[in-house]
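By written order: A, B, C, D, E, F, G and H. Residues from 1 in each chain.
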Amino acid sequence: MAGLRPWEELPIGGAVEPDPALRPRTGGWRTGLRPQVDLDGCVNCLLCWVYCPDSAIRVVDGAFAGFDLDLCKGCEICAAVCPAETIAMVADDG
Amino acid sequence: MSRLKTLVANERGTPPLAGGHALCQGCGIPVVVRTVLDSIATPKVVVGATGCLEVATTRFPGTAWNVPWMHVAFENAAAVASGIEAAYRALARRGALPQDDPITFVVFAGDGGTYDIGLQALSGALERGHRFLFVCYDNQAYMNTGIQRSGATPLGASTTTTPAGLESLGKMQRRKDMTAIAAAHRIPFVGQAAASHWYDLSRKVEQAVAAGGPAFLNVLSDCPLGWGHEPKLFKSVLDLAVETRLWPLYEVVDGSYRITYLPKRRVPVTEWLALQARFTHLQRPDAEKIVAEIQRRVDEDWDRLLRRASSDAAATEVS
Amino acid sequence: MASVRTARLLTGSEAVANAMRQIDPDVVPIYPITPQTPIIERFTRFVADGETSTEIVNVESEHSAMSAAVGSALAGARTMTATSSQGLALMVEVIYIAAGMRAPIVMAVGNRALSAPINIHGDHSDGYLARDSGAIQLFAENAQEAYDLMVMAPRIAEHPDVLLPVLVGQDGFTITHSAEPVELLPDEAVRAFVGEYRIPAPLLDLSAPRSQGMFAMPDYYFELRHQIAAAMERAREVIEEVAAEYEELSGRRLSALEEYRLEDAERALVCMGSTAGTVKDVVDELRAEGERVGLLEVRSFRPLPIERIRAACSGCSEVAVLDRADTPGGVGALHAECAAILCGSRARVRGHVYGLGGRDLSPAEIRAVFAGAAPRYVGLRSAS
Amino acid sequence: MKEIRWHARAGQGAKTASQLYAAALLQAGKSVQAFPEYGPERRGAPMRAYTRFDERPIRRHDAVAMPDAVVVLEPSLLRDVDVEDGLREGGLVLVNAEGSANGYLAVPAERLAAGLGSRFVNLVMVGALAAALGEPSLEELQSAAAALLGAKVDPHALAAALAAGWEHVWRG
Amino acid sequence: MASVRTARLLTGSEAVANAMRQIDPDVVPIYPITPQTPIIERFTRFVADGETSTEIVNVESEHSAMSAAVGSALAGARTMTATSSQGLALMVEVIYIAAGMRAPIVMAVGNRALSAPINIHGDHSDGYLARDSGAIQLFAENAQEAYDLMVMAPRIAEHPDVLLPVLVGQDGFTITHSAEPVELLPDEAVRAFVGEYRIPAPLLDLSAPRSQGMFAMPDYYFELRHQIAAAMERAREVIEEVAAEYEELSGRRLSALEEYRLEDAERALVCMGSTAGTVKDVVDELRAEGERVGLLEVRSFRPLPIERIRAACSGCSEVAVLDRADTPGGVGALHAECAAILCGSRARVRGHVYGLGGRDLSPAEIRAVFAGAAPRYVGLRSAS
Amino acid sequence: MSRLKTLVANERGTPPLAGGHALCQGCGIPVVVRTVLDSIATPKVVVGATGCLEVATTRFPGTAWNVPWMHVAFENAAAVASGIEAAYRALARRGALPQDDPITFVVFAGDGGTYDIGLQALSGALERGHRFLFVCYDNQAYMNTGIQRSGATPLGASTTTTPAGLESLGKMQRRKDMTAIAAAHRIPFVGQAAASHWYDLSRKVEQAVAAGGPAFLNVLSDCPLGWGHEPKLFKSVLDLAVETRLWPLYEVVDGSYRITYLPKRRVPVTEWLALQARFTHLQRPDAEKIVAEIQRRVDEDWDRLLRRASSDAAATEVS
Amino acid sequence: MAGLRPWEELPIGGAVEPDPALRPRTGGWRTGLRPQVDLDGCVNCLLCWVYCPDSAIRVVDGAFAGFDLDLCKGCEICAAVCPAETIAMVADDG
Amino acid sequence: MKEIRWHARAGQGAKTASQLYAAALLQAGKSVQAFPEYGPERRGAPMRAYTRFDERPIRRHDAVAMPDAVVVLEPSLLRDVDVEDGLREGGLVLVNAEGSANGYLAVPAERLAAGLGSRFVNLVMVGALAAALGEPSLEELQSAAAALLGAKVDPHALAAALAAGWEHVWRG
């Protein structure tokens, strides 16, 4: 338990402020497949964004802008719900 | 702005619930949470009951929540929210709030924390009229502890405490109708929704928040682990629950029932059952009766719902 | 003890309800249970008549009372409640949580026996049930002390080094329902004494959103939970600081421990609550008869004033500890802890259990305890 | 220290009597204590209350085992209850009754109250007790009653009931 | 410890579920909570497969689990259940009642820390919460003992002189989830050992209608509640009787107290549960190094084998008591009670708190405890 | 035999609840208990929640009960009954019952022990389908502890925790509709009755026991002390609750609503309020709105009930 | 507490069998009035029996047979519900 | 005493591996212990399990701090987790990987399992570990697997997976 803080340094009652650095990098949880988009086919319906359980769909200026693979757990939901069928699951080699 | 644009806008910057939480791959819960919170424009304060959502988002010292969030125990989320809301009103009356923004209070609890162990605290809070939105993410079992039956578990489902076995066909009781129970409390807004139907859900959230009193939303949320299906079937399995009329989408506003989505055709429940490993044993010959019973009750409940909705609609027209 | 001239005749319940009126807490979740009910009844009447502006939350069970209190106190509102017996037992899960989340809730307790059989009268079983919870527990000797401790309680609970729930106990019926002379401080004096409610991380502070009530693995649980023990240690001093300040205001000193004629005592009796008053009379009588006896009245059961108990009994050869609660199959709590504290001193420590479910303790029985002639269970009807 | 025991049926105001008597003594500079003894039984069931007073501060909280005086607000209790239980040698028993009652000091409180058009049998008995024990004074009683109960009831009615009992005994 | 040859690899949970299968209780109300859940899961699977004919009651909370258990046990049916942590806290009100009503319910406990913060790992806080309840509490050292105690438990609970709930504790995860060699007795042997369920006044006996769960005033409460303490006294002997009989059957002796190499020990350590195993290894090491040390393993926390503890430590000059639960502001339970027991002996009694929320206790730390070099809170990360 | 004769016959010899209990003069509870138990021909086993009934009938060493009776705590009567009923089934299956008679299990709990603190245990038991009759004697407040508000306390009532005062007009929330909540559980039989209407109550008990599953009865029972009226007004005050439609008599059989008594004319609620001291303050001018609100809700609820009943009746005719 | 039993003699768990002798004689609770019937007027409807909270109406062979004044608390309900108005409350002189 | 640490993602069967290895050793007459280490994280998150074995009865229940061998079922963990943490001098690290992995002993368990048409990567690694440590025998492993998992899965498939791992290491 090296690196863990002693009791004197912990916040009162364990109340914490959010610190993104302390969140697990859940991209590592993927088990072989990752989503890939063919942007040409994207109609910007953002249904992938709505239904992604891991907030791994990036939206910039209201438009679909790719995947956050640090977060994406590879569930394939985006691929399944994309009405344009423009998301495919591909081998996760990285 | 379209509803979807609004959701996107509300999540921009620091989303209420951030990615990088430890819920399972493909879990439906965060879809519910995001849709609900993104549909609320005001600042939000969130209360959580013990369950998958809580455990997987708040391992000390990290948290996935960017909004004020509190968890106390499994069975008391509505009571905790009552206290917070009472504090808010007391401080507002005395002009002692840290800031002026109106706050929306949202509670998230699983079906266990709503139908079963949390029911009493919820019922009491509804009777007292606290102004908060209670959202049950109903995945039909105690998932956090490993898929045990709850009052929400449907007839025939195999769980680890109602396992199908040589002498068992899974849970032998029908599920509690929690939405109807909440509606019987005559609060301003009660809604039944599904994680798969984001627009319907989002609209109900908006109405619920505007209702000016306690509001209850029962949202069907899938659990690929507990239901036994591939994560990618998220939408299919939930859609089928709605289409089979097993999980009707409706609302009860000031006591009057209204169906918010009318399935096109009668899909047999077997289609829904077939997708999920928890119902595999229902394909055994000795389970035929159970399957028939499930279908019979779905039909009966749907008929009753239709009846309530149409007589309430007629009454509204008259008055 | 109130000076009779300026005192009013109030029951312990009424005295505490008046303290609450003067403190004017923001939120008070309530649920009835004998014998604390008169407290919340009297207090809601104050609210109904506009004498305080408290938000009453009429919850549906004690579990919810304490849960609402945790939510409210950590949201940023001064919060009080009250309970007894089964109510305390039903909410005890949440008392531990309140302590762990460092919620400075003040709760009046009308101490009462636990079922079964069901009984509505006084003993300390309910308080004992929460003795590991991390809540501070103070026991009043009479109605005046119940009032005084209730006024002191928010100052102790909310002290930045403490931030723990404080339970102010008074014996069911014997204090809750007994009318005695009670001197109230002026309303303004109480308001000034307790001051504004401030906690380090109010949930409603939107500028710093925090997550509260976290999940902790073995890597952090011990350290997080240890905050309570550390806060308790500090509470020992804080209680005396607040008591000193309160003495300046009221002329009454409510220390964690009261040593009564213990200076040169050979034999001491240790007890809590209303019994202490009766014991004082007996001590006076025995002293008059030439016996070197004294009383150690424990007012703060949690934190227990360990060093002071050791010091107070340093001269004694016999110490009889009275538990008003039973520990079947084990050693009574106060007895065992005093034994641990006095272990190694020259004192022989004995334990007695008495007064369960409102059973009276007579002066004659107290004399027998001092004389070493009382059975372990004092007042129990036995065939033998 | 003096100790009084009050006998009545639940609902007949024994608790109020015990407290009023104590309140008046408190005004008179005494140290006091008053408490009821409840059971699960309801309105109509026998119950007791107690008053203690002393020159010195009262600290004890044990039960009243040997009262100096007993006041019986309800004569029918004499049938079921041993009102003399534990009574000190030479202790006084005051009973709400006409004529004489087992040799106890009878005060026709029912009648006296009715005569005043009031229901305050308990106050009549408090007045009677004060007269019998010689303390506190009628004025102290009346002013304590006004303070304790005056918000709900006309103080004159209270005063009259106390006086009726007081005078009945005083005059003998 | 199982003989490895004939043993199966089972977790503590599985071992206990098997004991339940063999006992085949009439009614088992269940509610899930980590880490006991595997017990009820495994057991309901036995029921689903027809391996027992038990009536499972899938209740909606632990409060109801214990309530249903009281109803069932006193109706006349052998009744078992299981819980942990918050579940035990939520039902503790009813555990007291079960004891007072003399309901011989057997409950498996996967001992776990109490919130807040929420933590699912092992410590003894939950058991300690019920230490005055009147329930018997046994603590297993490993999976084998969990099984053995579970088989013994109905005999203890239902003994006509006892008739109290029995809680069979095993450390959360460390035992509940650790697979170890466990020897099961033959099913018939277990059935014969536990025998038929008999209680003196079954509710369902219509020929003698009785009222149970009465209201008691101060005139009778003390006497009624005292039945528990008296039954606990008797339980001390009953446990040894049952242990002796069980030894004949199994070759394993599970006494209320195990003295490990204590004969000529100068320094003793007292603890409960899975830690005892680790301590035994350390004792062996230290003995090998020539140190006169020993272990006092408390298997029966309630009733605490008071006389035997006194006797076992009579020769020791130092006794270190390890509490796997904290008593903020007070003295640890086992520490305090051992101190009370040993008060007057030549032993210096020290107390340590360790292992909260699943914090590991290493052999090195145990050595430090023996050496008197460990802090009060062993294993706590501290800045100082 | 006429129903009344049957009741008399069932009570003969050792009545289930004997006289010589310590409830208040004129208390409605024993009327409910006697009518319920006398309507059941089989042996009965009774479970009680803490409350006036329990406290005033079982002071050790005496008891007013001649049937097997058990009390465990305030909030868990339905759970205790679940355990007893499960034991009964387990022992029956093993042929290990002390005797063969079929037993009817009856639970008595006050409104506090039903609407509030006992709701969760009840709801769970209903979902699990235990076979017992749960009778709530609803006197609209926590009476045992001295008249505190409960979820059953009606809008505007003064209680000791919602006292009317300079700045208060009594309880400010409507009562929970517990009968509707129980009905939403879709158990075989739910009934609403009143102590004043013995025949209706007795008939419902008979149906409930025959229903073959959990049954719930909500029986209005007066409390002269808490309501503030002379004991002799027992029947008048309850009759008026029924006649004003404030307490409709109805039943829900397998989910279908049926009104069992139709009041003749619309009696204003003020007539009911006027009889009881707990509503005296509603005669204050500032309380007019409250009184109007009470009437409005009574009317609204009655209309909804009529609607449910008539659409359910129509459906039954069709099918 | 003379006459009360010691702990060794109490039933296990406090479970008691009914003993009528231990029930309070609640007739003593009456506060001035007791019911009196004019049997001539009685139509034997037994409504008084149904609504008496204290089981103080005697029924013999299915017919009204007077009051049990050891139990009757004098609530006047019987008098109020008697459709024949044949019960009156009278002074309770012993 | 020997101690093994297993690394995997939740859902990949590390707990089963730790128990199976222990069960086989138990059959072989050893004293054993196997336990997982859980967190609140779900399927996909890193987790650990442990196996202990010894000639003498194992009584200790402390954590495994210094394992003699580490088995990594999921190669991607090497990125985030210090698998060598506490490893004893000369301790063995077995990784499910092709070719070599940071100098650890690589077992292409994914490929070997796939080659058998099975998903039992964990069993392949158990076989490999047994071969590497020289105990228990493959037969003991296979019979333990049949006893532990045979009710749900074809014992031949189990045996094949174990053999594949065992042989891969044995053949070197």
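Definition applied: a contact is a pair of C-beta atoms (placed from the backbone, for glycine too) under 8 Å apart; a residue touches a chain by one contact, two chains touch by 3 or more.
A quick note: this is a predicted structure, and the numbers were derived from the prediction, not measured.
Graph distance from chain E to chain F, where chains that touch are one step apart, equals 1. The chains that touch chain A as well as chain E are B, C, H. A centroid comparison over C-alpha atoms places H as the chain most distant from chain D.
Chain C and chain D have centres, each the mean of its CA atoms, that are 33 Å apart.
Taking each chain's centre as the mean of its C-alpha atoms, chain D lies 41 Å from chain F. Chain G and chain H, compared by their mean Cα positions, are separated by 79 Å.
Touching of two or more other chains is recorded for residues 22-23, 25, 27, 55, 59-61, 63, 65-66, 71-73, 75, 115-117, 119-120, 123-124, 127-128, 151 of chain B.
With touch defined as above, residues shared between interfaces to two or more other chains in chain H number as follows: 39-41, 43-45. Residues of chain E in contact with at least two other chains: 58, 60-61, 63, 74, 86, 90, 93, 97, 100-101, 115-118, 209-217, 220, 222-224, 226, 360, 380-381. Contacting chain pairs (ordered by label): A-B, A-C, A-E, A-H, B-C, B-E, B-F, B-H, C-D, C-E, C-F, C-G, C-H, D-E, D-F, D-G, E-F, E-G, E-H, F-G. For chain B in complex with chain E, the residues that touch the partner chain are 50, 55, 60, 71-75, 115-117, 119, 142, 145-146, 148-149, 151, 160-168.
The residues of chain A lying in touch with chain H in their complex are 24-26, 28-31, 73.
Per the touch definition, chain E reaches chain B in the complex via residues 30, 32-34, 37, 40-41, 44-45, 47-50, 56, 58, 60-61, 86, 90, 115-118. For chain D in complex with chain E, the residues that touch the partner chain are 39-40. Residues of chain D that touch chain G in their complex: 9, 41, 43-46, 76-77, 79-80.
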